[in-house]
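In this document, chain identifiers A, B, C and D correspond to the written order of the chains, with residue numbering beginning at 1 in each.
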Amino acid sequence: MEFIKNFPFITIVLSLFCSVICYAFKDKKARFVTYFLLIISSCMSFSVIMYNLFSETGYFAYRMGHYDAPIGNEISAGLLEPFFALLFEIVIFLSITGGYKRLQKDVEESKQRFFYIMINLTHAALMSLCYTNDIYTAYVFIEICTIASCALLMSSKRTRSLVAATRYTIFSLIGSSLVLIGIVLLYSVTGHLLFPNIFETIQALWATGEYTNPLTIALGLIISGLAIKSGMFPFHWWMPDTYGTATPCASGILSGVVSKGYIFLLLKMIYRVIGPQIFLESGINNILLVFGVCGMIVGSVSAIRTSNITFMTAYSSAAQIGYIYMGIGLGTKEALLAALFQIVAHSLTKPMLFLAAGGLSDTVGGKQDFDSLRSSAHYNKPSGIAFAAGALSMVGIPIFAGFVPKMLFSISAFGHGFKTYIVLLALAISTILNVIYFLRTLVNIYSPAIVDIPREKIHFSKIKVFTVVVIVMAIVNLTVGLHSQPIISLFEKGIEIFINIR
Amino acid sequence: MEEIITIFRVLLLVSLVVCAIATALSKRVMTAVIVFTSYSIVMAVVWLLLRSPDLAITEAAVGAGVNGVLFFLTLRKLHLIDKDFKDDETAKSNAEVNENEEN
Amino acid sequence: MNFLINYEEVTSMILFAIGFTMLVFSKNIMKKILGLNIMDTGVYLFLASMGYIEDKLTPIVPPTGEVNALDYINPIPAGLVLTGIVVSVSFSALMLALTVRLYKKYRTLNLDEIYEKCSKEDEEE
Amino acid sequence: MKKTDFTKNFKEWYEGNLSFDEQLSHNVEDIPVEHKKDEPHHVRKKIRTLQKLENDERKATKFGYRVFSIVFCVIICAVLIGTVNFLPGFADANAPTANEVYEHYVGEGREQTGAVNTVAGMILDYRAFDTLGESFVLFTATCAVLLLLEKAKNAPVKKRETFTFSNDPIICLVVKLIVPIIIVFGVYILFNGHLSPGGGFSGGAILGTGFILFAMAYGEDVAAKVISAKAIKIITICSLSFYCLSKSYSFFTGNEFNGVHSIIGPGTPGDFLSGGLILPLNLAVGFVVCCTMYSFYMVFKRGRLD
């Protein structure tokens, strides 16, 4: 059974290898290679979870080379890492199967090969971000992830998406440069590159009071860099353009997976590199809390003000990411649990919403404003149902996945003094705002049309795969919402390992 | 000897900063690219002084060579250099031809 | 006062700040790319100067005989920078390709104008 | 007199108005707006004043923007230099970076990896995973550039580029003399990565620039015949796959619980065939870098790989 320990590394190298193979193949074969890879690697991630669940420590480090840390390179897996790897794989798989029809339309035929290459590379980079135990490796794979996700955006035929991609690229570059300089500062005061060694050195340095200033600056730079890349509040302005103009498959992957990958890396940086104690002492958590709360409100208000369905979905992403940062900012284990569950709920819901929005706008010839989209749900029933399910989940109706994190957040908010009131108030306001814009959209797409434009009735038989995918997504969402207890207990165990075992 | 090297090092660093500021402030892209290429070469020498010959070779080949070539090619594609060598009208007609072909 | 001893690091930070400002505030997309390159080289200079130790040799050891590690400078930053330089080339190539495409469509390098033209197009649609 | 000349020149350069480049500035507001002749005089005057006002306003905001960005730059500078103030001194032998890891890499590296050049040993043996990622960054960038700029296969290659360096006798002759030297130097750097400064990245970049010079001087058509798109593709795919597979083998054998031991030893340090996997990996990285640089050039120039 020890062979399972090889799986994380095999996942990474296999997906890199598959991207090279896709470069040699034509689009159709490239697609099958991608599916094959995703299925195989999800099985591997699942078996890693099972292995760790039933092993003694629930954690292992794997040498990438012949030498132990601090000399060689390492990857490590507890319970959270393979779980998020599995989640990302499932979401990518569902997005590309569901968005395939639309992909054919949006991407030139000769360029589809590159689309799959980029998916494979994004997958490899995300796996590495999940499993890595080395700070410079993390930087390198952040760069791969950035280039690949920019290329996913650029693959669309429309020039409009190129402009959006430019903005996204520039923001990502700013983010990764901040991460880089933070990493270099960390290296210069600790002299190590591997997480456990940096952690030990930092604890010792912090206790003596030496280099406190550079450490705080480095932590701030890394966190702000990753926050920009994942779209935290003051930096979320690239989101609507980026997600709104790309092909639904790409926007689903970007919002559901890539930004979550950065957030997971951020969590690793906070809990496994810096240490939760120092994170709380440095005061950065309060800034994250404030920005998270602001993001929840501002994102929702922006979503109310826009009249474009994909822009609205994108702004709601900004609001949902605000929840995650709020959880990180609270700094307790319960809040971390809530933030992790929020990642799961959001990753499962957002791609569904983007796919459904794409399907809805297909009925009216690609238009995305609410006036044209009225009654479109009757013309494309699966999309309508999926959008309704996603919207209800995002609002936080019980039995859907989106309800659980909200409940966990409100439980975890107690016992923080005045922060409790801020968090509870923000949750309440944000939920009300969520209800306003999602229900308005739902009412819009189901109410009779007011604009006379050509509409196309899309029957089930034309979009069989899409229907199946969307229904699977909705079922997964419901399952996670109804049976949240196994995942919560897995997270509780995983968080203990995540924070304590190195 | 040590002092001379230190002075040389400081001079190089000062010229790096000057080059960077010149790149930032020059309004013409062409000038900025040329200044940037010289910046890369100075950087290669700085790395040699830091006892990292690997970096010096790579920077000289990549920073000054490939990067410079890519920048100039882009400028040429955008017809921002063409006018240096040709009279204005040819450049303009070329640009139009180019536009038509692209569309 | 550590500034005077750390002149190499100070320079690299100045370079980083200049490049970062260019990347964030320059409206010309080519200038942004140049800024990106300057910023990256600034960070790499910082990293490389971390490895340098006075009076020590380039880390190329003799093929035979005793090796005293303390005679040589630190090779780690050099290795990291070596891998890092390639990233900036890749990014500038990607951004330059993007520039070519954008210029073909909008005939300008100014990002503000590109956004303006783009939103105008949207309204027309 | 000289001083005024310099300040004037500097100002002109700063404004971007040097004599040889007056036409090249693409600042839109510099282009005069044409007026229709048939408009009455006062209307024209009014338009002009309005435009002047608008221009002034734009200049003022531009100035404000510039000042703001400079202030921003100074603030960042101050923060970072303030941080540097707390860092260990430059060239300090007791800095935190000069720790046991460094001593291990330099002291034991020769015996463990077989490479005399410690940097090569470090990036291709101890920390090979980074380098694997790095060569894939290049691959990703190539694919992204191809995605953006590649034209359809049967699109005609434009013949309108009248200006090539192959018409220039001086450049052509110099390049003919210099290209073989560059390529030989590149190959030397590439093959001696484990023995002397250099290795995959630097050697590949030099080789790439050599090929780019070749393509520039002889024209892309000739270059496309010598190095075809298919060759570039095959070399890239083979090198990357080799890198993946060989490193998987060494990662797999690096963990004892797998029960397999690597059959690749470090060899005699200093020999040409030494350093275990370092020489082949250097070659693979070098080919990837070379192909990437060359294909960047070709794609930018012609919109396709050959």
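Everything below uses one rule, namely that contacts are C-beta pairs under 8 Å (C-beta built on N, C-alpha and C of every residue); 3 or more make two chains touch, one makes a residue touch a chain.
Worth saying up front: this structure is predicted, and the values here are computed from it rather than measured.
Ranking C-D and A-C by contacting C-beta pairs places C-D first. We define each chain's centre as the mean of its Cα atoms; on that basis chain B and chain D are separated by 11 Å.
Centres computed as Cα averages put chain A at a distance of 38 Å from chain B.
Averaged C-alpha coordinates put the centre of chain A at 27 Å from the centre of chain C.
Within chain D, the positions touching two or more other chains are listed as 26, 80, 83, 86-87, 95, 97-98, 101-102, 104-105, 117, 119, 127, 130, 133-134, 137, 140-141, 144, 148, 197, 199, 201-202, 293, 296, 300. In chain A, 136, 140, 143, 147, 150-151, 154, 181, 187-188, 193 are the positions where the chain touches two or more neighbouring chains simultaneously.
Shared interface positions of chain B, i.e. residues touching 2 or more other chains, are given as 52-54, 58, 62, 66, 70, 74, 77. Checking each pair of chains for touch leaves A-C, A-D, B-C, B-D, C-D. Interface of chain C with chain A (complex): residues 16, 20, 23-24, 29, 32, 36, 39-40, 43, 46-47, 50, 76-77, 80, 83-84, 87, 90-91, 94-95, 98, 101-102, 105, 111, 114-115, 118, 121-122.
Only residues 79-80, 82-83, 86-88, 95-102, 104-105, 112, 125-130, 132-134, 136-137, 139-141, 143-144, 146-148, 150, 152-153, 233, 236-237, 240-241, 244-245, 247-248, 250-255, 257-258, 262 of chain D touch chain A when the two sit together in their complex. Those residues of chain D lying in contact with chain B across their complex are 13-16, 20-21, 23-27, 117, 119-120, 158, 160, 163, 189, 197-199, 201-202, 205-206, 208-209, 212, 293, 296-297, 300-301. Interface residues of chain B, counted against chain C in their complex, comprise 9-10, 13, 16-17, 20-21, 23-24, 29, 32-33, 36, 39-40, 43, 46-47, 50-55, 58-59, 62-63, 66-67, 70-71, 74-75, 77-78, 99, 102.
If you check the complex, the residues on chain A that touch chain D are 2-3, 5-6, 9-10, 13, 16-17, 19-21, 23-24, 62-67, 70-73, 75, 110-111, 114-115, 117-118, 121, 124, 128, 134, 136-137, 140-141, 143-144, 147-148, 150-151, 154-155, 181, 185, 187-193, 201, 211, 213-214, 217.
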